[in-house]
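What follows is a pair of complexes built around chain A, which joins chain B in one and chain C in the other.
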Partner chain A sequence: MTFPAYIPVLFLAPIFLSLPIALAWVYRPGAAWARKLPILSVLGLFISLIISLYILFRVPSESVTIQWLPGFDINFVFTFDYLSKYMGALTAFIAFLIGVYGLEYMKDDYRLGWYWFFFNTFTASMLLVVYSDNLLMLLIGWEGLGLASWGLIGHWFRDDDDLSYVGDSKRRIGPLRLFWSPTTGGWRAISTIRFGDMPMFFAIAAIYALTGTLDISQIPWGDMFQKIGIAGTVILLFAFLLGPFTKSAQLPFSEWLMTAMTGPTTVSALLHSATMVAAGTYLFMKITWYIKPWELEGVPGLEIIYLLVLFLGLISALYGALVATGLLERKVLLAASTMSSLGLMFAAASTSFWLGKIGLLVAFWYLMVHAFAKATLFLVAGHLIHVTHSRFCEGDLELGKKMKIGFGATIIATTFLAGIPPLTAYWVKSGMDELMVELIHDVGALPLILLIAVSVVYAAFLAKFLSLNFIKGTRPHHIDLHGGQLMSSAYAIMVSLMFVLLYVIIREIDPSTSTFFEAGLEKTSFLVGIAVLITYSGGLIMPRIRALANVGFVLSDRLYLPFLNDYIIPGIGWVIASIVDHANRGIDSLFHRWVPEFFERISRDIRKLQTGSLPIYIQIVSGIIIAILIIGALMGWR
Partner chain B sequence: MELMVIIALLLITLGSALSFRVRWITLPISVIALIMVSQISGGKFLEYTGFVVVIAILNLLSLGIMKKSQIKGVDFGLVALIGSATIYIVFTKDLAMILTTFVVVSVPTYMLVFVNDDIPNVKIGIKYVTFMVLATILFVIGALILSYNHNNFNGTVYILGYTLLIVGLALEVGAAPLHIWAPDVFSNADPIPVSIIASIAKIVPVVVALKILIATTSPLTASASMIAVGIGLISMFTGNIGALTSRELGRVLAYSSTANMGYIISAFVVLINPAFLPLAVAGILLQLIVNAAGKIGMFSAIKEGGGATHLMYLLALSFIGLPPLMGFWSKLFIAVSLINVGYTWLALLLVLNSTISVPYYLRVARDLSGNWVLSLGTIIGVVAALIMLVTLLPPSWFVSGVEKMMEFMTFNLGGM
Partner chain C sequence: MNPFLFFGILLIPFIAGFIGPLLNPKRATVLSFISFIIPFVTIVYALIGQSFFGLRFARLPEPLGDFYIFSDSISSAFGMVVALISAMVALYSYPYMKHRFEEMNLNVKKEFRKYVFLYQFYAASMLWLVYSGNLILLFIFLEISLVSSFLLIFMYGYGNRRWVAMLYFIWTHVAGALTFVGFLVIGFENSTLAIKDIASVGYIAWLLIFIGMIVKLPGLGPHIWLPWAHAEAPTPVSALLSPLTVGLAGYVLLRIYLIDSWFIEAYRIPIFAYAILTSVYAGFSVFRQTDYKRLLAYSTVSQMGYMLIGLTVGTFGLMGLVIQYISHAFGKSILFMTAGGIIASYHGLRDLQKMGGLHEYIPTISNAALVGFMNLGGILTVGMFGEFFILKGIVDVFGFNLWMIFAVVFVFILSGWYSFYTLKNIFYGTPKGMERPKINRLLDTPLYAIGIISIAFIFPPLATILLQGIKIVLGGVVP
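Here is the complex of A and B:
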């Protein structure tokens, strides 16, 4: 079967066009001509964008198969369905804009080859995850994400710039120092993700063993669940979902996301909007899309998993939102808010078990809205860090006036994302409200309560971010407004997409948005919107409440979750290491000491017989012969 | 054909007599005699006959390394006699001739062990002869009891006869726990006579024992075989473990012989199932050939104070059992036939023993390593190494040869 040539170009263009800068940096690091090569990398991203837009608007929904191992039914299968068309365009668009921003943001960096190669690999990997229908292909992209995220988070490997750290160098709790370097951040990311990937590999292998196919759209999910029973279903799906849970930083795997902020801001922006963390929720949505759990209500075990995802998502969302209110670091605050949003996506998607496809659509539209808003906020934060040389929130109206575009973009992004009627996220959030209201019948009121709590807190810290950086924050010691045009135009375009989405929703251009557009007209949704508006205003007016400083510390210490990553798990690791070490020594002693000594002793005993004296030899031999004959005689006696 | 043998024996006698003037004259005569005797095969089982002739010639050549010999040329004749008996034994079906060949192989070694470059080594000779006489008596009595008992069957007598035969064999070839003479003799006697005792002289006792045991198989063979298994196991472990810490090379090789004889005697248990007997016999014969060729090569090197590094390591690796050297196939055949008759554990212990043997064989090879020098010892080493390399062609040809020979292995005692 022939396949369209644009498909390989879509994935390979970013990677190949990043090779010139990567190679240039190997042989001539820092050369003036080499610093111009990133343009090529961005060109690669642009090619991907064009192709993904072409797929979105011009290619019919279908899958394309490129044969690889047909005998094993393992092929490059790309599917262009509702989810992947939108998601691919979103990924390519955001990556391209961030790429443009990065041209200026990273222009003086000491490691451009490394940066651009991994940045483009990151994007290509995400596109592979998005368009793959085959789980093995998807895994290749998935692993590419993991590798590139390690490379990018630990990009500033010299650990020599306080600006690239996360945490407060003076903050200590017991044995822990809440201060993380870029290399630590990279390590925490890759180690956490591997923890989830391992069970996911096994789950995928099990799916292949059970069904003989890895194409998500072809796997007979229902039959498979029936075959392996309730325990099998729970174990299989839980193992599989550990991948998305760790990638999307759900509790208790959220720590890596916070210290991922040690990477360049462009990386944070990409990581938090359209790639990496989105890959986890996207994969969950994608498999749910094809599992069609709403048609499988009789299947045992499935409800347990979807309940788990629902509550894990909501609790992670609440945790993230609360932590964000306590944080004062620009990027870490946004990281916590991302975690919160991801939780909401999981929760909304999981409701599809009871309520059907609408849950997925709401979750997916929230993903898109969130992606543009969060990318904007990160890009502004990066610009702020450049201008103020500080990673902590600071800035007053003075600064706001000087950075009008940044100020404006932040206002738009925060208000549109918070869920204030009638702005973009309000409609999607209303969809979520509606889902949780309908869920009262099946699950109870707790999900609704949690959702409202999250929405309210979420608006508060968004307002706090705006207020502390542009309105009521401390006056920065240092303001360097030199340049920045490329960066501001990038986030200006980014934030303008919020209007595009708003237009698409209100005019109901995409028919699937109509359901939650109608939910936005409900009274309950409107009441929640008002509550959100109130807390947003509160956050704007009182971004810091001195009386609650201690609560703030607890929250900004992320409810002591770092202990899990930096103390408990390493502790377990050391215990295992010491067990292995002892076993290792034991084996060494066994084979280097005990066994040789044992044989040497026997050997010496055997040789002791050789005294050289013939009479003694004759006695020994006679004795042995008689003994053997007696044994023979006894055997013959029977 | 018997006439050829008689003429050959006369030639050997004549040559030995002539050698009282010129020592070397016996060597060509001995070789001619050996080739004449090999005609008895009439083209059958050339695989075996060929190996024996080559090994006998190697033994003859190795005597050339000695500067002088107290029995002056007669030593060549004695080796030719042993070689002739070793060829003849396979093709005879007569009990008297079988027992005669046993004695014909045993007695010449009594004389050879005294031979020395210097003065006759009486002390060690006496030690050797004492045990050989005892071994021959036990072996022959056991063989006669078994043969007589075959037609007037009594279970107790059968097992006693079996035990006597095996004990006699063990003492003759130096299998543990009756190996006590071997380390002393191997390390104190001259290496060249020892190489004869350790190589070609081991073949006939084993073949004779096999022939008699095959001919007298009875329902009690399974239980009687426990004696062979027991001695085989003790011998393997004693030999291999004893060699681990021995310093003198002669002693190490003595223990190595003990271990090899252990492998061979333990394979006697395959008699309980004639279907797998050809494979076991092929394994036993190959193991004897490996042992013979390797021992000649190494003892010659000891005599010359070192051999070529490559040759020594090749011989050692063959002893260890590295594919595709012959030492691998011999142990493989024994192990596979053991597994086939239900003695998997014994096969595993055999493999374990091969592992134990690795350090000391490599140590021997290292200690004997030297440069390539054009000498008799090197030539012998090259030929021995070539024998080990023959099995580059997997020796299924040897097994099929043994299968055709099985008619000679089983002789009928009914006519007695």
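Here is the complex of A and C:
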């Protein structure tokens, strides 16, 4: 049993180095010396970063096995393939940078032990998900993600700071108050994720029952699908994908991501935009990579699932983009846009069924571009919240001048992410356009139309975000600029990665980028790029249109989807719980009141007869004899 | 491993039951802890060695047969849990019962003597139960555990404790009597009651044992005794009653299944449906409870439904059953101890409506409750394997039956939901301006010890040893 020592260190370093602060906070919360311990946690993240970079550049593509349940043929299998190498490095890098940012952002927090423990546990879990080849082992990481997400969303459990809420305290629709506390956000996140995780867990168990192995790269996917037929394939894959769908907040599971913005901004940046929510799309890409659906044309049922993913992704993307245009809360706007991007990743990845591996590559590169840009935007938003003490978009050029780095980073991140030629996301988006154009032959033109619609709306709200926070927004009531060096250097480094990615794509350093780089030189892609540029400029000049305020309200109420989570499902649950409660009372009364009372009464009546007076006994005896005689006579006894 | 040595070690808790009352409460607690932790270490060692052995101490006439005790991986899996939880609860008992005696205006030293004696007999009889090789022997230990726990509730319980104790006594003895008659029928049919010699279990016997154990487990309907008993028992007793005692009904069913499984196979679908109904019903009941300990009792009913599900879905289901017992025992003992921690800190606070934001004042107990609920939900703890094997069993036995899959998945979802819903209601939200109590370290440290072990069990080497051992024992049952 030999394996390289860096593998356990990769996961254990962040967790163990966060224990000092966690324990310190249990026994001496708030002590001055304890506030220095987060440096150790960040050191743990740094160790993970070094190891993941080592894996990216130095370790050949292979898998490493550690014995776990050898009798069941289930083991810890770490795989270092194209996807996991990049994704691991990306996760560790962003986690480390946000960790550094968090040193300053969370400096005065009341719950540092909790924060760092879950932050680092999250990073370890995410790395476990990324590198694992075994589905059961992946599930450990997956559950860790859900738990860390719950812990960090509900971080400010006291629910006493308006700055940590989501929604407007005055906004009501019918019975609903559109205002959510951190504890509600946490509960909603874990309950939604649980709803998807258990079907996924079933699918994993079913795969094991059918094939006897759980290693993604070893499962005979094609044979398995043939064996279980069309209905089986659809059930199995749909159950499996409920995990990624809920984790990646696709419709109708998107509400939790919006209320997840009750967590600290660092958490929103790392978990709820760059990495954890992307784990759903990543897992979909990963299994598709090994299912190789493009080689399984004849397998029934598979096309249904890929069509479902394609349209669910595109519709969620459009929904998210539209909602984002209506929203005015900094973080919730970005959350809606994250959901939109995740939808695009699903859609692009699903095209691989018809078009081959290229779909996965485009989706994966979009994931990376999106991760850096969106993390930057979130970090800037967090800094803005610190400076202005407001969750809502506000800020004019004055503020822009005072926060030059933040302003610059936002400009770069929005323009590079929108898909304006020739900036980074443009090349990846062109790849997507190309995929959808090719899909016209198999599926029709609808995906292309949806994609273009998403792209133009997306650019508009990105520009709106920039404009309302730094250029044309209202003047903030409150500006508090002291400190912030660590925060601004973190997002400055983060945004510079956009240039690195641009360089990698244009110079074709990674050979697999060449396919979509060429798509960027096509005329159609360029036209879409121009359309995007136009809406971006439009959003910049007119961030708010008064005439459309009512439409804006409908959009920022998220098309009334909160009713599902806040009203319909709890309502059903509450009705059942009441019925059950009444049944319990009934059973309780039956066994513990009526039955004992019944026996008590009989016993009392019998005792009543026993008075000790002879005439009564004689009466009873003669009565019984008479009764026997009568019955005997009636039955014909002679 | 030498069987004499092994069973000598298992005798330690009984011996400590006689020595403990002679010592002062502190020393008695330490003795009690040691008397269970030594068996725990020994059992883990036996599990690592995968050793199987038996030790006969009497050969009795028909229909009793051989009296012997034996160890295999299943006994060890159950025994390990019983020993560990008993040891940890023993530590916890000291500060808690001291508080309880003072609250009842009793003499602490004097009462602790009685308590230690009963506690040792209660816990040790459960430990011996899982090693019993004869059904009558098993029944004797079952009775000892019932009588001693009855006395503990009767003397130190809460609320209307005498009434609740009687209720507990009657219900468990209905269960016990049915099972006993079932055992006797087995004995007359097979002319022996030694587990290794029984050839078959007839219809009447199976039916009686099954119904008896359903009352004890409990299933839907008879479940109504459990919230009373678990809520009003003194908390250390609840922390053994719910995790260990009721689940042992699952152990008895498993043993009978391993002898002759025809009954479960013949009535698989109705039993499965009943199990699902129990779980879902109890799961929904949890949401409406306002008393923390009653809430936990309903969650126990829901979790026992898992064990019954496991019983009906083949070999892997049985593995699920064993692991579910372990996982539930870890989780529920932690949770009952957190309930006790709140009771001890806030003068008997059990009403959920008066809680909220408690994390502010008792963070260590709150975090322990998180680990406890993770165990119930199978999140990052050994319960994960339980769920996994039950799900695999379902596919093995029923194939892709959409309704059954949906039902079981929903059961699992529901337990996650009520877990985090309860956590939110009790520990998070705006603090209610209470005082920050000083918590005795024995009221929270044992909880973390159990929690860490429950997490360690999903990683090698513990997971490897445990699952491998159970697989070997169950491997021969159903091909």
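In this section, the second predicted complex is superposed on the first by the 578 of 638 C-alpha atoms of A that agree within 3 Å, B and C clash if a C-alpha of one lies under 4 Å from a C-alpha of the other, contacts with A are read in each partner's own complex, and residues count from 1 in each chain.
Throughout what follows, a contact is a pair of C-beta atoms (placed from the backbone, for glycine too) under 8 Å apart; a residue touches a chain by one contact, two chains touch by 3 or more.
Everything numeric here is computed off the predicted structure, so don't read it as measured data.
Q: May I ask you to decide whether A:D159 touches chain B, chain C, both, or neither, giving the answer as first, second, both or neither?
A: So A:D159 only meets chain C here.
Q: Name the chain, either chain B or chain C, that contacts more residues of chain A.
A: Of chain B and chain C, C contacts more residues of chain A.
Q: Classify the contacts of A:L614 with the two partner chains as first (chain B alone), second (chain C alone), both, or neither.
A: In the superposed model, A:L614 contacts chain B only, not chain C.
Q: Is A:D510 contacted by the first partner chain B, the second partner chain C, both or neither?
A: A:D510: touches no partner chain.
Q: On the A-aligned overlay, A:F599 touches which partner chain: chain B = first, chain C = second, or both, or neither?
A: Once the two structures are laid over each other on A, A:F599 reaches chain B alone.
Q: Contacts for A:E518 in the overlay, against chain B (first) and chain C (second): which applies, first, second, both or neither?
A: Neither chain B nor chain C is touched by A:E518.
Q: Given the touch rule stated above, what does A:E438 touch, chain B (first), chain C (second), both, or neither?
A: neither
Q: So, A:G636: does it touch chain B (first), chain C (second), both, or neither?
A: It touches chain B, and chain C stays clear.
Q: May I ask you to decide whether A:I628 touches chain B, chain C, both, or neither, giving the answer as first, second, both or neither?
A: first
Q: Mind listing the chain B positions that touch chain A in their complex?
A: Interface residues on the chain B side: 126-127, 130-131, 134, 138, 155-160, 162-164, 167, 171, 177-178, 180-181, 183-184, 220, 223-224, 226-227, 231, 238, 241-246, 251, 356.
Q: Please output the residues of chain A touching chain C within their complex, sorted ascending.
A: 26, 29, 66-72, 76, 136, 139-140, 143-144, 146-147, 150, 154, 157-160, 181, 183-184, 186-187, 190-191, 194-195, 198-199, 201-202, 204-206, 208-210, 228, 231-232, 235-236, 239, 573-574, 576-578, 580-581, 583-584, 587-588, 591-592
Q: Contact residues on chain A for chain B in the complex?
A: 599-600, 602-604, 606-607, 609-610, 612, 614, 617-618, 620-621, 624-625, 628-629, 631-633, 635-637
Q: Mind listing the chain C positions that touch chain A in their complex?
A: Result: residues 167, 221, 224-225, 228, 281, 284-285, 287-288, 357, 359-360, 363-364, 367, 374, 377, 379-380, 384, 387-389, 391-392, 394-396, 400, 402, 405, 408-410, 412-413, 416-417, 420-421, 424, 427-431, 458-460, 463-464, 467-468, 471 of chain C touch chain A.
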